[in-house]
Structure formats: structure tokens, C-alpha cells
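My questions all concern the structure below.
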């Protein structure tokens, strides 16, 4: 089973030089810590910043410079600032090469639910619906099961949807899955996890790739 | 009969302090010369400039600073520069208080034709269709008749339209007209012109205002 | 041309019960602090507030919620606010949740004279319920209508007396589009300068969109998540 | 990240016969002079060019027209060009005239993932023929579809190696929206600098929209109407 940091490390292996990437809150944020040395990836923060850098030092803190999680951040050389409409023009227009976000549920046909639990206080979708509609290359990073031990990889989402038929890849603590032809394809399995473990934890249709690999995490 | 400069002077009387104004090519451009002293009017040029100033001195000429007529211009203090989409956001969004433009024909229901003559080379509408759709306050400035002596104030436009039902006021060399209820209302008559002259030169429905005034031009 | 007003109190004259307001800001970053304080003092009721967020309990729009001035919020994310939650659950407050990018574009469209546009965002979700959907070039889209407001309250870094504005950092966020979409737009700025002092090439919001401007004071600029690196 | 190419010749690699190009500029102001010269030399044919204007006989897109490289122009105003007129009248050239503001918005929409929007511009005119019209809040509007291009060729004043651009004066015009709407966007700049040299707050086109960038040379910046005051 992968730790959250290991999930982030595996996602970082998917990055390519020159990509513009939007990282959601939670596990996705950790991906920034594992960008390979020498690779140049620009982080987009949907509140209006491209070229987001690490958190500031105490003396660098600027209340006018935050990320989409409302955390204080810095800018890297070559950064740019823009309005929310320009930011979502980038996202909606397909200019962001990769979006990584968390989810409560993903279905075997690529639907995603990650913003609302009926009966609980609804905080809102923020930019999530725009992000899942904006690019073909989305990676969902999440734990395979919820706190009650129930699978988050389902035949159909039970929660209100964030987007339909938009997720092609999911990385969980158990493995990496592509979504194709109405099924989760287990492409890579986490070290120490058996295919049977994955099957038990997956409620949606699961196909084990004929070329299943064990995930390599340094 | 008014000269072109007198037409421009009369239009300038309509200006109000703090207005943003777009002046088309031809007679409308002359209005800039007659903005009353002490009145602050900001000129919008639809290629991306607000706060347009006079033509530059020889040594000030900058090829990167032109107006919508492609003439070299200057900026006044407090000017701003922006893209074509932002410029037409201003225009289409109704933020320009007054648009003054020329026309080939205006009809008694407020239609305007000023961009195309069938059989002649078509150069295009430029920003004219956006301008007439963008604000309620448009003044058409033109000669009352064309070179063949035919009225340009018609019951219906014969030329391809630029916009429909959008013109409320016309100033010609013969007088100032409002357009209401499907007729040209003669509100002010040019010095030395008789009502009969106006009637003869107007093909569309003409109503003489019961409070007809003679135009005051200094 | 006289757009300069003395302070927030003078700036908000004309805002009355039941009006629709836009308020710039993302979280607590770039919010019109002075105008919000003046509204809390003036006490207008039944306001519809279009703002990406609803502040926190004791700052931003949260202060207006405490005074029960808000009838309806149009936002993308309204967490971090216990009083908000209480009013919502008790039915005192209505909330219309809108995806963040759609909200931004609805404001821009409202300011730009575009009454409606198609977007893929929200297709197939409850956001699209009751809205026209359409296939264009093989993909499904939702028709979204634009937003305007009686008053837009925006915050900029620098501004001049003609209303030209320059924002700083990510405090720009929703302010430029809301400045476009207000029938009357009030800008509060940290530094008010003479026309000619701002570089025309660097103006973010041209003065044509701003009807009133004043230099604000005592900016708190509260930080929600103070994160530092070692 | 390596967006920097040596010159216009290298920049336009991949542009082939029959492609759709966007070219920034208003009149001859802010046009990608170097890229146009390279296209004239390379000789691609049957191009569809989206550009507000079509240059003059011996400059700008006029140079491409002389070489009969253009099959179709999508523009708002195409005067000042005798060769253009000849080709149009002889049927060699097709022209799709689009109102200037609609053209600008169609490009922005294309770049922003908005496939169509409503505008009042052109309602009741021949521009609206064959297009959907609709009454919204008591006014009539036309549905306009967005534009994208295989390549967008834009010209900026300064740019950095990540593709961030700053324009100068009214040479900005159509360049920012076209930069957004190109599948591949090529930017030529007067001055190419290192990342970090441009103020992030002053960037007009963020580098995400630009795939190739180079420092152009020998800018003529021809003036169409040299008007001076005494």
C-alpha cells in the first residue's frame, strides 16, 4: 500500500518537461515536492497565478499572494498574474496539460464526484467542475476506500457529480488504473498489494491488465 | 446649411463632462476639436485606447500608437491601453456614453446602413456593427443628401444594414432630428434653411417639432 | 470628470435594501474591506451578494452575514464560516453555487454585453439542471447566462482619479470582471494617484468601468492560511 | 521547457498548405512582420488567414496575397489593398467579413473553451443570416461560434523565454486573443529576456498560451496614416 507521499511520487513520474499543471488540494499538492530534478513544470493556481513557487519564508509573506487553497505562496522567476476569468480561460480552453485532483468517488465510465455530500454542509465546487471539464489529462489521486472501508471506485457514483465521462486515470494507495470501455484497468499494482486485495476493494468493473506491473517508487 | 465643422460643433454641444465617447471617421472625428473648455471627455478608440489625445508632433510619432483610422495619435494623462476584446467589451457592454458615426442611409425606424454598397468593392464593417449595437446614445453625423442629391433620410434603408432600430438622433447640414414612433422629428433647423428645404430633402416620414428651434452655432 | 469620493461611507451612497452587489476577492485576498465595513455600518438588508466566497465568521462578507444583511449569496465556495452555515440550514439565507470559472465568465460576460455563452463546465451535473444543453462539434455544453449587479465593489492596489486600476499579486482575482459588470462600480485603492502617474500600458481596469473611487485605509489583509517554508 | 527558436524560419516549421492561421495586428500596427516574411519565403498555399485586416499591397498580409498564398480571409475590414480587390473580384480569394468586436470575441472564446456566445452585434443584418437568433431579456441576439487556428502568429514588445508577453501601445489589439486561440502560438518579440525580468503583474499574455518565441529583427513598423499636429 502506498502512502500519500508515494501516491504523489508516482504521479510525479507522469510529468513532462514544459507542462503546465494544476494541482488540487490534498494529495495532489504533494506532487509539487517530487518534480524530478532538472524538469521544468509550471504550476497553475486557479485564483490567478502561473509559476507558483514554494511557501514563503516568514519575512517574504505577502497577503496579496496566495494559492487556490488560500495558503501564502511565492512566485518563481517567469511567473505571471492574471484575473479569474483569464485563469479559467486557460483551464476551460485546454491549455493546462495536466490536472491532478482528489475525489470522493470515481465511476467505471469516468464520472467523478468530489464536491458534495447530501445531508452534510455543502461548501461548493470551487473550480473543480471547470477543471474536470477543461483538460483530457486528469489524474485522480485518492485513497482506494473511504473511512468506512467502502470502495471509492464504483460502477456508478452515488454522490452528486462534478463531471461526467472525464476521468481516464486514477492513482490510489493500491495501484494505478486507467478507465477505458466502462471498466477500471489495473495497470500498476502497489508493492505489497495482491490483485485479490484490489479486486476486493474495487466495487466497479475491474480488469487486470495483461501487462500488469508492480509500481516502482523510489 | 451647416458646414461639416458646424455639424461637429453642434454635436459637441451634446457632450457632458465625464463621458466616454467614440468618434467615427469623417465628420465625427471633427467633434474632438470642439469639446468645450473645461469639460473633460475621454475619447475611446476601438483598436485599444482610452484617453486619446491629438495628433503627435513630428518628434513624438510612435508607430505603435494609432487610432481606429490608423492615424498616429497621442495619449492624454490618465490614458489606458487594452486589447480588442476588452475594447469591444466596453462598447458592447454599454460603457461608452456616446457614439458618433457617419452613415450612408438612416431610416425613419432607426435602421442604419453605412458599410456596404452592392456592386462596389466591399471593405468591411470594421467596428461599426458593434458600435451601433453597443449603446443607446448614438448620433449619426452626415450630409442630408448624397452626391446625387438623393435623401439619406429614408422610410427604409436600401443598402445592406449595419444595425436595426438603433439610431435615435441624426445631425445633418440641414438640422437635427430625433427618431421616434417611425418618423424623423425635426427638432432644430440649420440657420438659413427653411422647413420646406428640409421636407424636400427628406424621403422618410418627417414631423416638424411643435417647438422647432433654429440651431445655435457660434 | 469627478469620480473621487472621500471615503467608503460616501462611496456606498445609493446602495439600498434588496440590491444586488458584486464583491471582488478570492477568500479574504483582494476584498473591498472599507466598503464592507461601511455596508455593515449602514445596515442595508436583503442584499444579493455575488462573490466567489463568503468570508469568514468575523471578516469579509462574514461581517455582513452576522448583521443578517444578506438574503442570497452567489458563490463557488462558501466554507470556513459557521454563521453562514447556521443561516443556510435555518433557511434564512439562500445560496446559488456556481462553478468558479463559470462565475468569473458570467461576470465578464455581463460587463461585455454578452447575455449568454456555452461552456462544458457542469454538463451532466446538477448545475446543468433546467439549463439548455447542446452538442457543438461533438461535445456537450451548457448555456450559462451572464451576471450584472447594481453595484460592484472592487479593491485595487493603485488607482488614479479617472478610475484606472492596477491590482497586485493574486488580489486581482474577480475584481476586474466585477468592475466591468457593475452598473455602478466603486473602487477602493491603497494608493490614489493623479492621472498620468500610472503607465497606460500597465492599467488592468480602464477607468471607463469605474464610477467612484477612493483611497481606503487601515487595510488588515487578513491571511487565511499562513503557510511558511523552513 | 524550451520554447525559444532561432528565427522566423524555424518558428513557422509545421505550417503547411491549407492550414488556418491567426495573425495579430490592427492595420499594420502590431503585425508579426518576421513571420509573414518567412511565410512569403516558404510559400505555403491555400491558407485561411484570420486577421482584422489584410495589410496593404506591399506590406503585411498583402505580401502573402501577392504570392497567392491565401485562399480565404476572415476579417472585419479589408480596404487599402488593390491586389486584394483584384483577387476577390476574380473569385480567387474568399472573404468572410465579421464585425470587429465579434471577431475579437470569437478569438477569445476559442482560446477560452467557449464554443459559442450571444451578441447583439449584427442582429437584423446580413451577418445574422443563417445564424440562430434569440430574445434574451427583451433584446434580440445572434449566436456566434468561436474561432481557433492551427497556428497563431503574434507580435509583442517584450517576451521572456517562457513565452510571457508584454505588448506596447495600441500594438496590443488582436494579439492577446489570438495567442489564446492558436493550437500552436508563435510569438515574435522586439526584445527577448530571461524569465524573471518581466514583472509578473505586468504580463499581458501568460506564457501558457505561447509555444514558440523568438526575437525578431529589422522591424519596419510601417505607418499607414502619418498624421501630425502643428
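Chains here go by letter, A, B, C and D, matching the order in which they are written, and residues are numbered from 1 within each.
The definition used in the following text is that contacts are C-beta pairs under 8 Å (C-beta built on N, C-alpha and C of every residue); 3 or more make two chains touch, one makes a residue touch a chain.
This is a predicted model, so every value here is computed, not measured.
Engineer: Counting C-beta pairs in contact, which comes out ahead: B-D or A-D?
Structural biologist: Looking at contacts between chains, B-D has the larger number.
Engineer: Report the inter-centroid distance (CA atoms only) between chain A and chain B in whole Å.
Structural biologist: 55
Engineer: Could you tell me the distance, in whole angstrom, between the mean C-alpha positions of chain A and chain D?
Structural biologist: Going by mean C-alpha positions, chain A sits 35 Å from chain D.
Engineer: Can you check how far apart chain B and chain D are, centre to centre, with Cα atoms defining each centre and the answer in Å?
Structural biologist: Whole-Å distance between the two chain centres: 29.
Engineer: So the centre of each chain is just the mean of its C-alpha atoms; given that, what is the distance between chain C and chain D in Å?
Structural biologist: Each chain reduced to its C-alpha mean, chain C and chain D end up 33 Å apart.
Engineer: Scan chain C for residues touching two or more other chains and write them down.
Structural biologist: In chain C, 105, 108, 112-114, 119-120, 167-169, 201 touch at least two other chains.
Engineer: Where does chain A touch two or more other chains at once, residue-wise?
Structural biologist: Within chain A, residues 81-82, 85, 88, 91-92, 133-134 contact more than one other chain.
Engineer: Should the pattern of chain-chain touching be classed as line, ring, star, complete or other?
Structural biologist: Contact map by chain: other.
Engineer: Using the touch rule from the top of the page, what pairs of chains touch, sorted by label?
Structural biologist: Applying the touch criterion to every chain pair yields A-C, A-D, B-C, B-D, C-D.
Engineer: Hey, which residues of chain C end up touching chain A in the complex?
Structural biologist: 26-30, 52, 75-79, 85, 88-89, 95, 97, 99-105, 107-108, 119-127, 157, 167-177, 204, 221-229
Engineer: What part of chain B is in contact with chain D in the complex they form?
Structural biologist: Within the complex, chain B contacts chain D at residues 45-49, 54-58, 61-73, 81-85, 87-88, 91-92, 111, 121-130, 133-134, 160-165.
Engineer: In the complex of these two chains, what residues of chain C are touching chain D?
Structural biologist: Result: residues 105, 109, 112-120, 136-137, 139, 141, 145, 166-169, 201-202 of chain C touch chain D.
Engineer: List the residues on chain C that touch chain B in their complex, please.
Structural biologist: Spelled out, the residues of chain C in touch with chain B are 1-3, 108, 110-114, 160-162, 164, 180, 194-196, 198, 200-201, 203, 206-209.
Engineer: Can you tell me which positions in chain A touch chain D when the two form their complex?
Structural biologist: 17-18, 20, 40, 42, 44, 50-51, 75-82, 85-86, 88-96, 133-134
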